[in-house]
Amino acid sequence: MSGTSNLDKISQGRLSYNWALKSMKIISKITEKYEKRKPLAGLDLAFCLHITKETSVLIMAARKLGGNIILCSANPLSVQSDILEFLKDNEIIVHAKTKMNEKEYLENIKKVLNTNPDLITDDGSTMHLYCHKMGSKNVIGGTEETTSGINRLQVLDTKKLLKYPIIGVNNAYTKYLFDNRYGTGQSTIDGILRTTNIFIPGKNFIILGYGWVGKGISSCLRGLGAQVTVIEVNPIRALEAYMDGYIVSRIEEVADKGDFFITCTGQKNVLRKEHIDRMKDGVFIANAGHFDVEIDLRYIKQQDKNPIIVRPNVDSYNINGKTVNLLSKGRVLNLVGGEGHSPEVMSLSFGNQLLSILYIIENHKKMQNHLYPVPKNIDNTIAKYALEAFGIEIDNPTKEQLDYHNEVNIQI
Amino acid sequence: MSGTSNLDKISQGRLSYNWALKSMKIISKITEKYEKRKPLAGLDLAFCLHITKETSVLIMAARKLGGNIILCSANPLSVQSDILEFLKDNEIIVHAKTKMNEKEYLENIKKVLNTNPDLITDDGSTMHLYCHKMGSKNVIGGTEETTSGINRLQVLDTKKLLKYPIIGVNNAYTKYLFDNRYGTGQSTIDGILRTTNIFIPGKNFIILGYGWVGKGISSCLRGLGAQVTVIEVNPIRALEAYMDGYIVSRIEEVADKGDFFITCTGQKNVLRKEHIDRMKDGVFIANAGHFDVEIDLRYIKQQDKNPIIVRPNVDSYNINGKTVNLLSKGRVLNLVGGEGHSPEVMSLSFGNQLLSILYIIENHKKMQNHLYPVPKNIDNTIAKYALEAFGIEIDNPTKEQLDYHNEVNIQI
Amino acid sequence: MSGTSNLDKISQGRLSYNWALKSMKIISKITEKYEKRKPLAGLDLAFCLHITKETSVLIMAARKLGGNIILCSANPLSVQSDILEFLKDNEIIVHAKTKMNEKEYLENIKKVLNTNPDLITDDGSTMHLYCHKMGSKNVIGGTEETTSGINRLQVLDTKKLLKYPIIGVNNAYTKYLFDNRYGTGQSTIDGILRTTNIFIPGKNFIILGYGWVGKGISSCLRGLGAQVTVIEVNPIRALEAYMDGYIVSRIEEVADKGDFFITCTGQKNVLRKEHIDRMKDGVFIANAGHFDVEIDLRYIKQQDKNPIIVRPNVDSYNINGKTVNLLSKGRVLNLVGGEGHSPEVMSLSFGNQLLSILYIIENHKKMQNHLYPVPKNIDNTIAKYALEAFGIEIDNPTKEQLDYHNEVNIQI
Amino acid sequence: MSGTSNLDKISQGRLSYNWALKSMKIISKITEKYEKRKPLAGLDLAFCLHITKETSVLIMAARKLGGNIILCSANPLSVQSDILEFLKDNEIIVHAKTKMNEKEYLENIKKVLNTNPDLITDDGSTMHLYCHKMGSKNVIGGTEETTSGINRLQVLDTKKLLKYPIIGVNNAYTKYLFDNRYGTGQSTIDGILRTTNIFIPGKNFIILGYGWVGKGISSCLRGLGAQVTVIEVNPIRALEAYMDGYIVSRIEEVADKGDFFITCTGQKNVLRKEHIDRMKDGVFIANAGHFDVEIDLRYIKQQDKNPIIVRPNVDSYNINGKTVNLLSKGRVLNLVGGEGHSPEVMSLSFGNQLLSILYIIENHKKMQNHLYPVPKNIDNTIAKYALEAFGIEIDNPTKEQLDYHNEVNIQI
């Protein structure tokens, strides 16, 4: 890559950063509030995130608060090259390149850990797990962005194996209610349109998993006219999907009926041989979950060694004489096949991240080696900042109402 | 009331009971499972509930499980006379009549408590509070149906004043997700249509409160073509309403714009002089919250001593020369102005009630004088029963998936 | 009926009339505009309509414009007794009573025709057909409210058998777009809730017919969380239903799957033995079309001579050991089982009626014995009046835009 | 451009053609039916269309039916280079290149006309207008794809200036109901997401125009959680938007409130100085109408000669110190900023085109120089083919029902 093109990339990266910054007013508000105090001064902060324009806003904000940043990517394929160059140009240490193989990706995580960071911000908990394996010397605490990552940490916590306190940012209301549901919903639509340009009205979409991500995707698809069938193993969620007006069924019942299958279960092999073999000719299958384990990719690849790349991110496999179109190689569709979350929705998640990092810096001595939820008042603060950013004013309870809630209503 | 008309009522009550029973398959499943064992034998169970056909199904089921039932009404105006007669005819002791004044209503609660019951099932916690005041001799535990009631108990619990363990049934997912949201949503529409027959498309509805009830009402109204504005003091809920696509505003901004105001905040005087004075001529105001405190009724009644009853449950007040239509006297619209929840949705709530009662009977010695959530496995059981009742089958996780969730995903 | 109760009814009727009048601002606007001129003076106007509070507003307006009114009912079961008495008290000649048999109903139509009216306003075209049979001496023209009625007249028109010009009011945009779709949609929900109180979320509703009425009902039901399947014989409408996101199927495929069937096809026996025999135990069937011919009632009544009336307007038939619940005896559900259209939506339809009557008075000499659509400028006038009534202001095209549309855009 | 890269383009074009062909089953059905007969043999067919993969399917089908094709582009910026090369490689004569200026674009239209075609298929009627100016020697008839084009032809027809019969394909139900509404709705979402990646939930979208395109866009945006305000000068459409639950307002009222403005009026300068000057900092404005006249581009360009291209198809203008983001230079957003219609929806439009062309060939001698609608039976045929393509079966009316509709219902 020549110097000139690097300059172009840097300047394109700066444009992207500024574009995102404008939409991430929550981060700007936090930065303004703490910039003078430099609460992150003297600290080495490791970040393992998708390297996007939104991440660059978080990173630059952490730098403005005084932090020393070392960054790597949370996914081998989710690095945006212009942002990479822009960050490097701003003297952020980044261990990543645009397309890595699995090994390079993991090596980069290790390189970051070898710098002995004070705090780890992760997306998927791969870095947290490596840190627990490799030793966590200086680490005073960490944060984790996703459900999948938190699930992993929960297992460690239950077994009392956590070596430092971690705040599971995903469990903030202002994270999962908005990022997972509306954010992933919208960006999955983006991924569907870009990869396939399928005509959505009337199409039979099968959504596997009705957590927040499944809810968001289902709602957006229905909003565009699709017929949505939900597959769910949890009876409460299945009941909710049913009463939300979706068809609820077993995957066996609909494997041969769906036009488009999307997995978002956090689980392994939810689409496998027995389902894929019965699918319609020309079917689309995609994954919206964090890890690429939800579709049995090994089976698909065994059936056809030379799939045709008919469009970017659409690999057409010939399986038993029928065409099965696998999107974005089974990796998370909204990020790999689409542009990913809007800066505005990332502003909510990363606002929680930033305030959680500040919280740990201040409170880590009082914290135990547990998985913590985002403190309630951080959650409320982010919601207030978000409403301000959107120009929405709300009422405050009256004195009488505060009293009523606290006391009066138990008098008879 | 003559004997003949009583016979008619009993027979009408039986018809209503059978109608409800057919839709409340969850209760039937529980009854079948426990009927032989008679786990409630020898126990005096006090119930303070809206006396409806659905309640009669719960009451008769509790009797079939061996219980001795004493019943009163959770609201002075929510007693259905045919059900009253049907229950009496089935030797249930009922302290209630169809239209009571406040005093009679409270007297009846006391009469029930004077029988020294072993267990109390309440809706609104008025009976629980009286019991705490009057003494709770025999009481081994209780359950509470609503959010409003749980809020009251929470205050007592925080102050360590609870005298017996209580399960807050409302906090079961299979209760609040479905009953509060979908159930109250639909039955509030019923209340709106019956009382006003207003043409909903395009109308400007102002919903005060965006808890589950507010969510349900907003969604149903939008589904019928209304424009919905949400008023909410909690920033996280306000943000959720905003991203759900509703207008979010301050009540001052919209007091003169709304065609129809519905309160569902659990709070006091959320609609008061300063708002009512600015409302449009011909406006409708209604309450969907448990208690009739959300609208400042005192102010309204002071302005016009002789409102015209233009239709059943519509009182037209002349306030400063404009007509303000108060629905169902500010009492809960879906029950007083409409028919209330469908038996099917009550089946979810009352299924949780019945299994929670059984749980307390079995576990009360191990329980402390606290407010408890519904045990997770009761919640799951009810969801499974509900899916069965609706004819929905779902998948089970595979062995591989159970393992993945527990272990594999923390290996690197 | 005693004098006292008549007085009560009159006064209740006046209350209902005033209530409706307040919501029917379009009628008030027209009345105000023409009241002084008395354009209907000296004319005998025959009306064959559902005798409701909204009809009373139309009738009283026609009287204020100078007309001599003779009224009968468009349906044996749709007469509201208080309105009947109120109209009589206002010296309107009414040939109707609250519950008539088929013979009485037809006799009353003939009685009205025997007065030799100058103009006929009908709902269903039964009066128009009788008039064509009996002779139409004085009639200078007529109007017709419904699709079903217009279909009948179309047949006559095609055969050149019409004896006077008729304006098919239903074909006004401001009629069918709003009355048929939104009006019938909402009032059918009212009918469903009042007759059955069924819990709508998740329920499988089968809608037969996807004309405007079917569209409205389907949209409202989906808005309340139902799963909707559409049955339609017209391929274009079927395609539209499919792309609107509904399941589209053949009735044979879903006869045993539906929880609730609603016919709105304008056709005969769309639900018949072969479907009814396969329905689920406890199914609901209802008709939302004008005539009670859409369900094969003869078959149902043959199977069970003594259905149980489990709730008002719910007749439970035992057919082959299963319960089939027929609502409002197969008559139009929104009127018989519910309260019917809101005054506001009737204001649109009746505004078109009133202006169409005035149009015929003025133009009948220039008109031929044909079925005419509502003149475009009447349609636009009603839309403008409606927007004013709802407080909505819209823009006007600029001079430049008017020119662009007319001329400029064909220059190259 | 080197030979090698041309080969790549051809092969990429073939891949795109095959991809589209697979989704355009309606075209395949028509091709199969007529292929042997070659009904277009010996005819020169001029096509002025957006040169996309879907158009290539229509063109290749017309060729298979024997036609001699000469093609140019309906828009200077809507030519896909791979398709261009693929068509040329298949010996289709194409007068177009990927990015043309206005002059080149018009020159190409003239070049096509200079070949003296027998039949003209146009999109926007620019070719039809030129043909009327330049002389139409051999032309026996034509077809027109869009509303905008038909509006132009309507003016000519009213003035009796049409020189050959033209079928306005857009007026087929199976065209405008689906292509304009659902097709443009979805592809406008695609354009919004690709150009801006704005977070849609809660955002205030102002849609100018509530024709089919406006309806489709509004519905999709609401389905994704946006708040939608409709601006419309036609009172009937405004009323429809209001009852569809949208905010209806005047542009002056909301110019400073909208986050995103989309024009789809078919009109000139609907967004102009007086509105743009009052818009929020960072606002987005886009056009979804056929011509780029709906936004006053001249005014915008006068304010800032050097807008920043912040992202592809996003030009940031500095207007009075505020940023106004103009998308896809005011040209039609779904085609220029997004991928345009899905092949499936184009299959409906182009199916109507193909059958209309065949109809003209067969019937042109009986036709007059008028603008004709698509014959009803073509419309129905396309709907049937579409249902087949989507795997949907529908019922046929029974014998009894056919009779009922024709005769029985006028007997009394």
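Labels A, B, C and D are assigned to the chains in the order they are written; within every chain, residues are numbered from 1.
By definition in this document, contacts are C-beta pairs under 8 Å (C-beta built on N, C-alpha and C of every residue); 3 or more make two chains touch, one makes a residue touch a chain.
No experiment lies behind these values; they were computed from the predicted model shown.
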B-C compared against C-D, more contacting pairs: C-D
Relative to subunit B, chain with the most remote C-alpha centre: D
Inter-centroid spacing, subunit D versus subunit B (mean Cα positions, whole Å): 52
Approximate Å spacing (C-alpha centroids) for the pair subunit C, subunit D: 38
Multi-partner residues of subunit C (at least 2 other chains): 178, 182, 201-202, 222, 225, 242-243, 390
Touching residues on subunit B, where the partner in the complex is subunit C: 15-16, 18-19, 22-23, 178, 182-183, 185-186, 189-190, 193-194, 197-202, 219-220, 222-225, 282, 308, 310-311, 338-339, 341-345, 390
Subunit C-facing residues of subunit D, complex: 126, 129-130, 133, 148, 151-152, 155-156, 173-174, 177-178, 182, 231-233, 235-236, 238-240, 242-243, 248-253, 267-270, 293, 379-380, 383-384, 386-387, 390, 392-398, 400-401, 404-410, 412
Residues of subunit A touching subunit C in the complex: 201-202, 222, 225-227, 242-247
